[in-house]
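The structure appears right after this line, and notes come after that.
Naming follows writing order (A, B and C), and every chain is counted from residue 1.
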């Protein structure tokens, strides 16, 4: 049995007094694309943030390449090879597009070069000198994804990359994510848009009330559609 | 009889017999500063606004009192009133401008205005410049019926003024105004969304605080019979912050305790010259790092924790 | 007091005009350097460094002590003093400031206020409040006809301008500056990218303090080196900072120099107002643009 790249066991997390995660368990193999599905407030974003080490308090175990990360500050976790693309995108308004792209430091060899990223996102190259926040929603999302590709991180945490975007852009992002998977990136995706998730993922975990309650592989999605729809409340 | 009422009664009794055991002038000075610290604390502890220039109200009121009583020869009641109104007016003008910014900026703005007042006081003839106003006469109160040249008698007058001032603070905190102010301090956006004009309330608190500081300053001029540049200095502004901090922000009795401690400390350390500043600064640092609730606040929290355990 | 002279140029010799303007420019140079340091520290730490004036004073004292005890010349002090005082700043940040970031910003103000009292009190206690002179490293001056320009003072203006522009460049045009700007906006995310933000914060404070000390060294030959030289200055710098708003680096620089000039002009036209003119400008700016001339409401 190949050691999973990321293994989460009994993960609990708090924001101040609020106990959000009550024991999350799942794992991701190298090169897989796995999604976390669930309703609003289920704890999907908190799970990503917990892996990254940016919640208030964590307990439990999160191992990456066999190394325990709970208890370590987020900058050390990033340097192990995990990169985070937040839900709010987090584009810095005091930086230009190119400065945004170059901000996350290279933590491991093997990341994309700036030229590679511009080839993937040509519209970013056009706007490289613009202020980061002057871009449209879709362009900002591409910038948010693009800048973590340079770091050499092998695990990408993407939080709702298609939220609020037009269908044609959602398609483009889907293509890009598929290309990233082909290049060997391991991706943990949080998505509300189930149809989008189904087009890219190998497996889906369902999160409810701060716990993982089910897992569905891509092959079983069709049969489990009813069950999944019930989980997501659609 | 609750514990609180008992302690209030005891405090009152102590206050009444105090001049028999301690120097009345020391006690009166402490009372003036206790009122000043209380007025400052009203703004910070209950409205969440830290003014770093409160000395301008205290000092200007002292000058007004001195001028009214010495230069114009009017009775001290008029002088006190002049101090209060002067403080209030100055508070209105500076407050209206300072309220436009929040938090740190507010503090810096009040600091800057106080500096401006300081420089004006250096230059204006009526303040007497570097020498200040000296030898302010202690005229009798109540149209000549109550002579106050005797420190002893004056003590009870000052105590009455102090109780009046603190009474105002108490009434304000427990009034509807006070409740709204607390709501604004805790969550301004919410209060605004509920329809309260936060700025108006903050300005009201500011003016009241300034007026009471003025009362304290004028009273101090009446007791010590002088008003100088020290009374409008940034140093004094810092001291009153320290008094409120040491005693406990947001507590009613904190400022009184803090004022007594700092005044006593200054008396003892008078011989050390500039080292007093070092000690004051060190106290600031220690309190911010370790005892943020101040003396009264920490004791109060400890007491509550004990009650819960029991 | 005889009214405004501004329109009656012939009543005031040109020398007086330009003399005051030069003085204003020099004051402005210091206002700019100090408000720049304050703005940079505030951006990253969200703390108003009340001790800035004390650290400026420490820089001057360091130069004076280095000269008196170790015969270190001015030009070496320009490098050494900021490093020494900057390291002191690093210690302050690690030991004290770092522990109160999670609290209301006002506590940072109170802490640095207390530190300023301690530092100034200690220096005053040890060396008294009267000033000590520091010899000017560049003697002489140029007679330009309409005024006499002391060489050192000309140097100070140029040096201050260079320092301010270098700081601006470092922040706006370099990679490290990008880290700083990003961390000011969203420190959590920047840390999640792998950048050691706490260390960046410490370095920023150290550099800000070093800038203040550098200004102090430059000031030593002009003013007397005294324990109180920073106190009054920092209060004026606060007003400068409120006027400029702390949103932009270039804004702080421009505001500092401009207000120095305004002060100089006031000294010529209406001398009694020169002390308070900056505060009056602050009051006006608050009425019209509360966020400051170059500020963004945070």
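Everything that follows uses one rule, which is that a contact is a pair of C-beta atoms (placed from the backbone, for glycine too) under 8 Å apart; a residue touches a chain by one contact, two chains touch by 3 or more.
It should be emphasised that the depicted structure is a prediction, and the values quoted were computed from it without experimental measurement.
Closest chain to the protein centre (all Cα atoms averaged), using per-chain Cα means: C. Each chain's centre was taken as the mean of its CA atoms, and the one lying most distant from subunit A is B. Once the centre of each chain is set as its mean CA position, subunit B and subunit C turn out to be 32 Å apart.
Mean C-alpha position of subunit A lies 56 Å from that of subunit B. As a whole-number value, the distance joining the C-alpha centres of subunit A and subunit C reads 44 Å.
Shared interface positions of subunit C, i.e. residues touching 2 or more other chains, are not present.
Residue numbers of subunit A whose C-beta contacts span two or more other chains: none are found. Listing the residues of subunit A that touch subunit C in their complex gives 52-54, 73-75, 77-79, 83-84, 86, 90, 92-95, 99, 102-105, 107, 148, 151.
In the complex of the two chains, the subunit B residues touching subunit C come out as 50, 52, 97-98, 100-101, 103-105, 107-109, 111-113, 115-116, 119-120, 122-123, 234, 238, 241, 245, 273-285, 288-289, 292.
The touching residues of subunit C, when paired with subunit A in their complex, are 175, 178-179, 181-182, 184-186, 188-197.
Those residues of subunit C lying in contact with subunit B across their complex are 42, 48, 96, 99-100, 103-107, 109-111, 113-122, 124-125, 129, 231, 235-236, 238-239, 241-242, 272, 275-276, 279-280, 282-283, 286-287, 290.
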